[in-house]
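Each in structure tokens, the structures are laid out below.
Both complexes shown next keep chain A, but they swap its partner, so chain B is in the first and chain C is in the second.
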Partner chain A sequence: MSQSQQPEQRRQVLSVSVSDVRYFAALLRGVGFVTRATVTITNDGFTVTVEEARTLLATAFVFKDMFEEYTYHPEPLQLQSQPAQGSQQTINSVAFEIPLNTLIECLNIFGTSSVSTASKTKKWKQNAEDGGMEYDNDRTGPLDRYFPSSGKGTAMRMSYDGTGHPLTLHIAEDAAGPTATCQITTYDPEPQLELPFDDKAINPPPRNRAPRAPSKPILRIHAAGPFGSCEMDYPNDREVLENFECEEPVTLSYKLSHISRAIRALQNSTKTSLRIDNEGFLCLQLLMPSPGPRGGNSEAFTEFRCLPLDEIHV
Partner chain B sequence: MDHTASVTSDSKPDAVSHKRRRCGQLTSAEIIQAIEKLQKRCIIKFTESHIHIICNHDASEGGVQVWSQVKVQSLFSDYRIQSNSNNEITILISPEALLLALRSAWNPASLDSTPETVMKLAKKNDQAVLSFDISGSMSSGRMVRVGHDVRIEVMKPSDVQKLTEPMCPEPDVHILLPPLQKLRTIVERLRPLSDIIAVRCNNNGKLQISVQTEGVSVDTQWSGCMNPKMAQEGASQNPDADGDVERPDPDHLFSVLISIKSFIKFLNSHVLSSTTIACICQGHCVILYVYIGDVADAGGVLTFYIPAHIDS
Partner chain C sequence: MQATLDPGSLRSFTKGMTCLSKYGDEMYIFAAAECLILSATNIAETSYCRFQYSRVFFTRYNVGQRGSDCPSGSQEPVGVSGQVLTKSLLAVLKRGAGDKTVEKCELSIVDPEAGETEEEEDSLESKFVVRMHCKHGVVKTHRLPLHTIESAHQFTDNPGEDESYVEIGAKMLKDIIEHFPSVRGNKGDPQLVWGFANSEVIIRSMETSLDTRGKAQLTTELVLSPEEFNQYHIASVPASIAFQLREFTATVTYADSMNIPTLMRFTEPGRPVVIILETNDTECLFAISTTFDSMQLFPTPQSRRTTASATPQRNPLKRVREDDSAEPGPTPGPSKSASTAVPHSARRKPVKVVQRQDLATARKPSPVAHSVTSSQSVWDSRSMPPPPSVPLRSSPAVPPSPVKQEEEGEEPRQEEPLFLPSSQLTQLEVEMVKHETANITEQELAEILRFDDDELEEFAVSDHKGEDAEVEDVLEIAATQSDHSSDKVFRPLFED
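Coming up: the complex of A and B.
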């Protein structure tokens, strides 16, 4: 387990460290609704992708400036076995599958890896340092509120030695306290669902229509079930929607259980962008708080892509 | 005032009456709370000097057992007992029901001063009960009396004879555990990962709690824990005081695999603990001494026996 004893020619494929694991854990929780996730590591960061029912694809983008240290050495090709069919190992990235909820549980081992953004009444733009402490599934009881995690945070070091090796985490709350070492088994990645989102063709081709009166709602979210229905209307107001572009009125339906998978990530996000392309694919991008280790903000976001239930209506 | 009640059980009249002190109430409720979730029934043995609380129901299934003893003075201000079997009375009682009665005596929100509680062994409607008579004054000045009767079964002396603490070999290592609250947080996180947990420690202050499955292995480690010399009389089992013969390598880790559920049941006693000492008998069991109050006062100790998990 001690990588320092390994001979030099076998360097760690990935080695990262961060002094406060909360934001990383929050990013993972946003996509943590399926057991297995595919992790793809590149020079700039890594992505954690989950898929449900061949319809929903959720990806958390973790960029390397979220970490204090980020080192990536791609596995030399000659040491790898022949890439299996559907393998995603190229010289620029390495991928593996991992039980995601196990990873999230391990990050939370000392009960200190939760972070909450402000309540929904606050403005969208906010200083990420304002995030207070919130305890997910309060299994630990009210006294934990007073446990030391204010400011300092739980430190983590994560490393991966390559194909066939586990993902290793070293977590420590503080210098004096207990440490935890977790080794999570990794698996060969399955071929991923591809939901290509056509960024360029977002709207159906324009037709001649009279311009809409500004007071009517321009965006409506409607849900219906056997016991009733609910509609949420968003007016054409800059305060509510920062940006809105739609050439044509259009109606699309998606399965609620898939869209609601995004709730966790939405709760932690600071901004949301919703786009639908002309095939009806919905792409939801959520900007997540992630203070850079040296102050300032780094970017991290989570993306959800969902197939519609039916054809696009105009 | 003489509070004596008599109970006519099958064979002989026994009697016990106690008056509780405020801090005693706090402790007795906490003790019962610590073991409430363990089993549906527990045994309470009243003697002239001590109260013993015993949960050994799971013994046959290899589950955790609790044997505890508390000095009578720690719990009661006035205590009288009388019986034909050596002035000892042993009863079977549901800890859940007992806890309800104790909580009422402990923290009645509407009373402005500490209520006085009298606990008696009594017989009502042909049923043996532990009866609580709680009286206090409300903020308005009025007196309030609350009564609880908790059903019990008085144990026959022949059954009481059969109660013995589990036989354990001499422990290999003793260590002072870090705060149980923190341990509990961590072990709760490990619970979904595996049914078995490994507890290891050495004579150099190192404690490890680990799980290992196909999918994941997690090792949590504390260093700098104390290794006490065991020579106290508060424990139910007395390890040899002269254990400092030539010790093997102090870094050698002694370990035992136990059921994670049993360990969590033990960790529920975190409400009580000021000091907890763990003793490992390699591969056999772990014995945990949870001291009530200050160790030096020897007010009482809860002893948990968790047997090693045996693969079937």
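Coming up: the complex of A and C.
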């Protein structure tokens, strides 16, 4: 209500538009195992973060290049009635909580964001193999990549007016068809689980990269349960592991139900980076497919951070 | 036990295990020196399946401790056995068979004592290990717990003199079976009735239970010529058998995927139909119990009332039947007439095809019955006896039919107890019963023992016993009627 009365002062905090929501929906679906997610908006894009059992933290990084249009105006501080408890931080970022499953369902309101992602996966793989950026095989014109491939893509315009306002989505399949307007209630953000990953601890200096005895497995993933156990050994081969660095043998256990949360995102990802720091803290970064270069850093990725179960065995 | 499979044989092995998983949830593994035998049976024990892979099927195969030639191998049958959950093994195998990067697959049974293979595994139970070697040196190891076999299943294949056999190509059989509704879930148990005559073969589906709404079911009938069969030998024409479609479909699918001609052997209703798929390195045996109401295809005078609503297309069959009725089959004749007198609900009950043998009480299949008692005490849990499903390859004494002989030579029959005593009866009781009925065979004795446990419904499980049961029934009814002294009841009527 207030924004209509004061159109000059009350600008939209976030306004994005995209002609094909499939990449965006796939990104959200990868972390869509918890209903409540925290969205943090910055100048370069926004992150969608969920946590489970205070152990697993999954973040989808959505960069602004994924959208055709991305405008972000930091919330004017004077309009907020809150005291300036965190004013220094809120200048650069806005955070709110949102029911993530509702958002995903809204994106799929025409049924076109999920069906096509399954078939799209192959095309993504093809594109990755070809190294080309064609959107579709039979349409290779330079401009075609800016349009939805099959004409079925769902276009979306999303806007957020600031604290206390709903997230508004305008979704349409094509210009002549029906348009859906969804308003999703936002909530004040809960304090987030802080899992700082020690980036320095995982990058050993090059002198430590001594070749290992070939008999020992380089990377072993082991799972055990009441119906048996399973382990997978991966050698340090360029064909298998693009890059592998390990200072000393280490064995760590994680709860499988937490790790398997990443499966959904893993199935869609094109490249995976797995890192474990000195405290056994696992960081899994999944490179997600993105629509193509529109300049700059267009690669979206999802990050999973998980705390280990046991003490570190060194 | 170590066995290595290349990708091609891994795929066919997986197909076999897929078929076996339709038969039962537990897979019984027995690794002999020359072959690996896997068997399964369903819960009702009405169907049994056995896969026997000879060592040439594997690229490498050896049983026993690695590198150690066991000196006592001359006497003791070298072999290991155990049981695993079929589904968990199949899940592993399917993943490997579908993965194009798998270069070889190793199956092995690891004893807990032989801890030199895996240093971190210090569990007390044996493991069935499936190890997939993929490209670029990726190794995927799956360990499944291997349980000791507590009660093995024994299928005794004793074809009679009057055995019929037909052989049909896999593709042809697949085309036939595709016409019949497949089983989805546990809703129905459709049966397949086969009628073999001189000039034609009739296959018809039959639902033995109504669906949840009590609606009538679809019945499909297919008539084909005996010329479609590679071999066609029917001992007594016309013959008809009926059995469950569910497991048979699994067998047909496997036969089609491997392109092995299917050989079906059967004797008479109530005796299991035996299906054999054989290649030069694999031998598969399936036994499915048959039921009794298969006479409907070629109606006999006794069963004609049930087929009063016969469709017109079966009329030519009746003529065939009338021609043949002049010379009824030698053995099935009386048994047929006996079984028609059994109550209809009891006749539907399929017979168990396997006999559960408790390995704790009976160690080895022994030639005489009294040795069962002696072997009760001396069972060392360390040395696992071979499950009785292992074909002993004894040359059959009586060549029963022109079919290949080695398929028949399953067990020395008539000598050993086919049915071992159930837990309710002590050995003494067995001996007592045996003494009283000295002139009946072991099989009949076992049938008697089973009737003690089960109720009247089980009377129809065997044609012999069905006959006896019927006689008993009649006697009882007669007795009760005489007690009521029908003379007094009827006398007033006569006086009027």
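The working rule: the second predicted complex is superposed on the first by the 247 of 314 C-alpha atoms of A that agree within 3 Å, B and C clash if a C-alpha of one lies under 4 Å from a C-alpha of the other, contacts with A are read in each partner's own complex, and residues count from 1 in each chain.
Note that a contact is a pair of C-beta atoms (placed from the backbone, for glycine too) under 8 Å apart; a residue touches a chain by one contact, two chains touch by 3 or more.
Note that the coordinates shown come from a computational prediction; the quantities given were computed from them, not determined experimentally.
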In the superposed arrangement, does A:E299 touch chain B (first), chain C (second), both or neither? neither
Which of the two partners, first being chain B and second being chain C, lies in contact with A:E248: first, second, both, or neither? neither
Looking at chain A, which partner touches more of its residues: chain C or chain B? B
First, second, both or neither for A:E105, with chain B first and chain C second: first
With both complexes superposed on chain A, which partner does A:C182 reach: first (chain B), second (chain C), both or neither? first
Report for A:E69: first if it touches chain B alone, second if chain C alone, otherwise both or neither. neither
On chain A, what residues does chain B touch that chain C touches as well? none
Quick check: in the complex, which residue numbers of chain A touch chain B? 99, 102, 105-106, 108-111, 139-141, 143-144, 147, 166, 176-185
Quick one: in the complex, what on chain C touches chain A? 85, 88, 92, 127, 135-145
Residues on chain A engaged by chain C in the complex (per definition of touch): 217, 227-235, 237, 239-240
Listed in rising order, chain B residues that touch chain A in their complex are 178, 181-182, 184-186, 188-190, 192-193, 214-222, 224
